[in-house]
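Per-chain residue numbering starts at 1, and chain names A, B, C and D are given in the order in which the chains are listed.
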Amino acid sequence: MAIVLGPNRYGKAETRLVRVTRDGDTHGLADLNVSVALSGELSATHLSGDNAGVLPTDTMKNTVYAFAREHGVASPEEFALLLGRHFVQTQPQITHARIGIESFGWERIGPHSFRRAGDFVRTAVVDVSSSGSQVVSGLRDLVVMNTTDSEFHGFPRDRYTTLPETTDRILATSVTASWRHSAGVADVEAVKDALVHAFVTTHSYSLQQTLYAMGKRVITDFPGIAEIRLALPNKHHYLVDLSRFDLENPGEVFMAGDRPYGLIEGTVTRDDAPPALVEWYL
Amino acid sequence: MAIVLGPNRYGKAETRLVRVTRDGDTHGLADLNVSVALSGELSATHLSGDNAGVLPTDTMKNTVYAFAREHGVASPEEFALLLGRHFVQTQPQITHARIGIESFGWERIGPHSFRRAGDFVRTAVVDVSSSGSQVVSGLRDLVVMNTTDSEFHGFPRDRYTTLPETTDRILATSVTASWRHSAGVADVEAVKDALVHAFVTTHSYSLQQTLYAMGKRVITDFPGIAEIRLALPNKHHYLVDLSRFDLENPGEVFMAGDRPYGLIEGTVTRDDAPPALVEWYL
Amino acid sequence: MAIVLGPNRYGKAETRLVRVTRDGDTHGLADLNVSVALSGELSATHLSGDNAGVLPTDTMKNTVYAFAREHGVASPEEFALLLGRHFVQTQPQITHARIGIESFGWERIGPHSFRRAGDFVRTAVVDVSSSGSQVVSGLRDLVVMNTTDSEFHGFPRDRYTTLPETTDRILATSVTASWRHSAGVADVEAVKDALVHAFVTTHSYSLQQTLYAMGKRVITDFPGIAEIRLALPNKHHYLVDLSRFDLENPGEVFMAGDRPYGLIEGTVTRDDAPPALVEWYL
Amino acid sequence: MAIVLGPNRYGKAETRLVRVTRDGDTHGLADLNVSVALSGELSATHLSGDNAGVLPTDTMKNTVYAFAREHGVASPEEFALLLGRHFVQTQPQITHARIGIESFGWERIGPHSFRRAGDFVRTAVVDVSSSGSQVVSGLRDLVVMNTTDSEFHGFPRDRYTTLPETTDRILATSVTASWRHSAGVADVEAVKDALVHAFVTTHSYSLQQTLYAMGKRVITDFPGIAEIRLALPNKHHYLVDLSRFDLENPGEVFMAGDRPYGLIEGTVTRDDAPPALVEWYL
């Protein structure tokens, strides 16, 4: 038996970059959180502490800032591709770069004034290797609620089942979505609108059904999106039993629960989608 | 020497209430986090575990839900007053009630569909006692940024001062504000707009100056507001030194810092404001 | 009517300092989070942006690091006093300094190796002005549980009371405590042990009773402590109703709740304690 | 082109269970956070809202509590196996169950009194399917620091490299580890001690080298562990430049940084390890 080094990577996580563009008095703003992870032939540093192939993570941070100046931030995806290609092309021992970016939205409230928009965070994960690259876009923390048009019944019951069937409940979730492209990069606001529209217009018999409707809508509307993955926590709202106080509660007073929560995860794809890189699944 | 019980209070914190109102197919939504703290003659339970005067905190939670059904939630302030008066009037040993409410905003995206607005959280703190009540409204987590029109110079320098003077920097903060009323309850969206407008239009020589301008604007525009308190963290954005890479950085590439941060706190009032209850200062 | 500036202060919050002491191969470690807030005659910067009296918060950060080198960190309280006196004595416009310190514990696991102890965070708040100083020590995040010896009954019942009386429940809390000294500075580990011992040995009829017992123990054991303030969230553990599954549950299976929670706050003092500075109450 | 449902699963996340065992006056305690995710033939609910195969997540929660009563919690791993097998065996449409458990440590401070140990969280992830099961144990939030015996030099330099080489720096990390077993389940305290010992005794030329040493130690010492995965953030401590204040800083005063941070991830295995289920990689 021998002990061996398995898969490994390293990088600089969460470099916070704010990039201002100045067009006279009118400024633009990109607010990013950039994480870099590189892999390749890195056994020397693991086995003997020989760092000849270990570009410092501090250099990755510097590169993020310098590239922001040299190339600008056209989009999180393009900026990530620039960074990923740079590391793979310039570091001979590096065969793969994963660049993850969170992008925080700001609303304009003046020529050079902005208000942080808290409604969702845009995400991008780009994998670059010598054999090609994969661009995954996404969003998280998009919280939506339907106060009716949600039912849940017809489910199996076992010894431990006490949940009553319902034909009217609150359905609320915090959407995390990521999608991979077969061509181009879809407009993230448009994808968000499609997700929201499907959530709102689906009369739901299960959150799974809503998830599939949301994914299907995106695949239908965006030919360049090959596959979308959704994670939807079921943010439970419990109808409060007010009969103890001689009060009715016709779907009006709810307790918002923290934990536990349902968690529904699924992928929707087109049957002729090109295969994903393995990194899509990690 | 004797050991004595000093000031004390107790209550139920963070009761999460979602109140749906149904007007046919069109629903409304209030999403609150309600905290109750009661004080009065409570020495028996502390000294001997005699609970004859200790209304259970579980009952406070139930009361929040029942009141939401019986009275609705016209506004956080009115709901808090209803609750506070109830406890003071019905519990003989209770002489003071403090009700704190956080109210989370949702944007309408359908007749009975909503999207969580993440741009700020509305707050209310109401104190009720036999001698009167005090209503404090507020907001938190309103994040704003000016990418120019901010300077900082003319400050004293001691042995430990290394900060260069600047005539152009980013000014960003996350606004926490609370204000007490002498008459009525001001519209919170209008107060927020006044705060934002003052932030945007003040050419700033210090965050203190901006704070005072924000407070003055609110006091000027809202005759029913007696006093406003602001806490403004200076969310530092550090200009990155790119000269090491033979690059200029004319106010374009910044590192957003987490810690440490400046913290500027101040109050703006009118000189004929009625005195505050002591709870304003706690 | 005129608009006037009310109480205000400013400073640098959350300067993260790790101070290593080296005695040959054996090292020591202090890990602090230091916040400085200064107040005094600061109207000029608020009213006109004149910063002649505004020592930069960046300088405060530098001072923290320089003082750590020049004076060492004998204890959080002493380090805070050094800082507070420095700012009041050297800045003519500053009449009051509040220094707040969090101190994170590390266990020694080698001559120069340490493991972060997560069992509680030590705190200190020191107020320094020309008229004197006040030292408040404390701790937070000390989580303790008794799985029996806790009862709750004899409480009043109103229309909204549904809680059953109980003679056996879990009592769990996360202790936040702060105490002011009349003489010297008590050993924080000893105070912690006194708090824990009182929690463990008190057969509790209410969390208020436990709170008072904890405070009384500290006041009794530490003559130099004038007053102690405790905030004890009641971390509810709900006995799960397993009768639906034809199972008994004799105090064995509980759901740990997040929100809402009871919150019990109180102060225990000695009747001959010297008066506190007003800052004790803020 | 057709739109199709891809991989999916659903379950109840973060069911908070506290299990008390009573041996007369002496109690024991297990404090778990249990997450269940089931997958199998679930297309009906996605495509048409037919829930005939969708055991409610509420039932999963109930099952956790009922099983804790019926079977006790011998260990997180055994409890997870019980749950996973139950769902796969009793739900015909379910072919795979993943049970994730966080276990929070408590120190005994009395026969039925406990203090929360904050030094690390124990984790377990168990996958059960008809073809077998896989048990992965782990821990997270174990924070360790060496104040010397860490160097970093010999790395490549490109245009963006400014990091000086160092022969003496602080090395600090928060250990996340998970390991899969080929036989039995290793004692988690013993694995933790092995990880800590390797961290302390490795004179480090890179965090990668330390990572490998930690993994190798575990593989060497525990024949039943087939493979271990480690994620080690490099919690940077920056030596403060005090020369600006005419002070030396011989490795004594550091700023603890939040972001960005290095992130080193790697796996150490034995070359005759049995293959992992695919879930090990997800």
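Here, a residue touches a chain if its C-beta (ideal position, glycine included) is under 8 Å from a C-beta of that chain, and two chains touch if they have at least 3 such contacts.
Computed from a predicted model, the values in this text were never measured in an experiment.
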Item to complete: Check A-B against A-D and say which one is joined by more contacting C-beta pairs.
Response: A-D
Worksheet item: Most remote chain relative to subunit B, going by C-alpha centroids?
Response: D
Discussion item. Centroid from C-alpha atoms only, then distance subunit A to subunit C, rounded to Å. What do you get?
Written reply: 37
Worksheet entry | Gap in Å, rounded to a whole number, between the CA centres of subunit B and subunit A | 31
Discussion item. From the mean C-alpha coordinate of subunit A to that of subunit D, what's the distance rounded to whole Å?
Written reply: 22
Item to complete: Return the residues of subunit B touching two or more other chains; collapse runs of consecutive numbers into ranges.
Response: 15-16, 62, 66, 159-160, 162, 244-245, 258-259
Worksheet item: Where on subunit C is subunit B touching in the complex?
Response: 1-16, 33, 35, 37, 42, 45-59, 61-63, 66, 90-91, 152-158, 160-163, 204-209, 211-212, 216, 219-220, 227, 229, 233-234, 259-272, 281-282
Response to the item:
Within their complex, subunit B touches subunit A through residues 15-22, 27, 29, 31, 62, 65-66, 68-70, 106, 109-110, 112-120, 141-149, 170, 196, 199-201, 237, 240, 242, 244-245, 247-258
Practice prompt. Sort out for me which residues of subunit A touch subunit C in the complex.
Written response: 159-160, 162, 244-245, 258-259
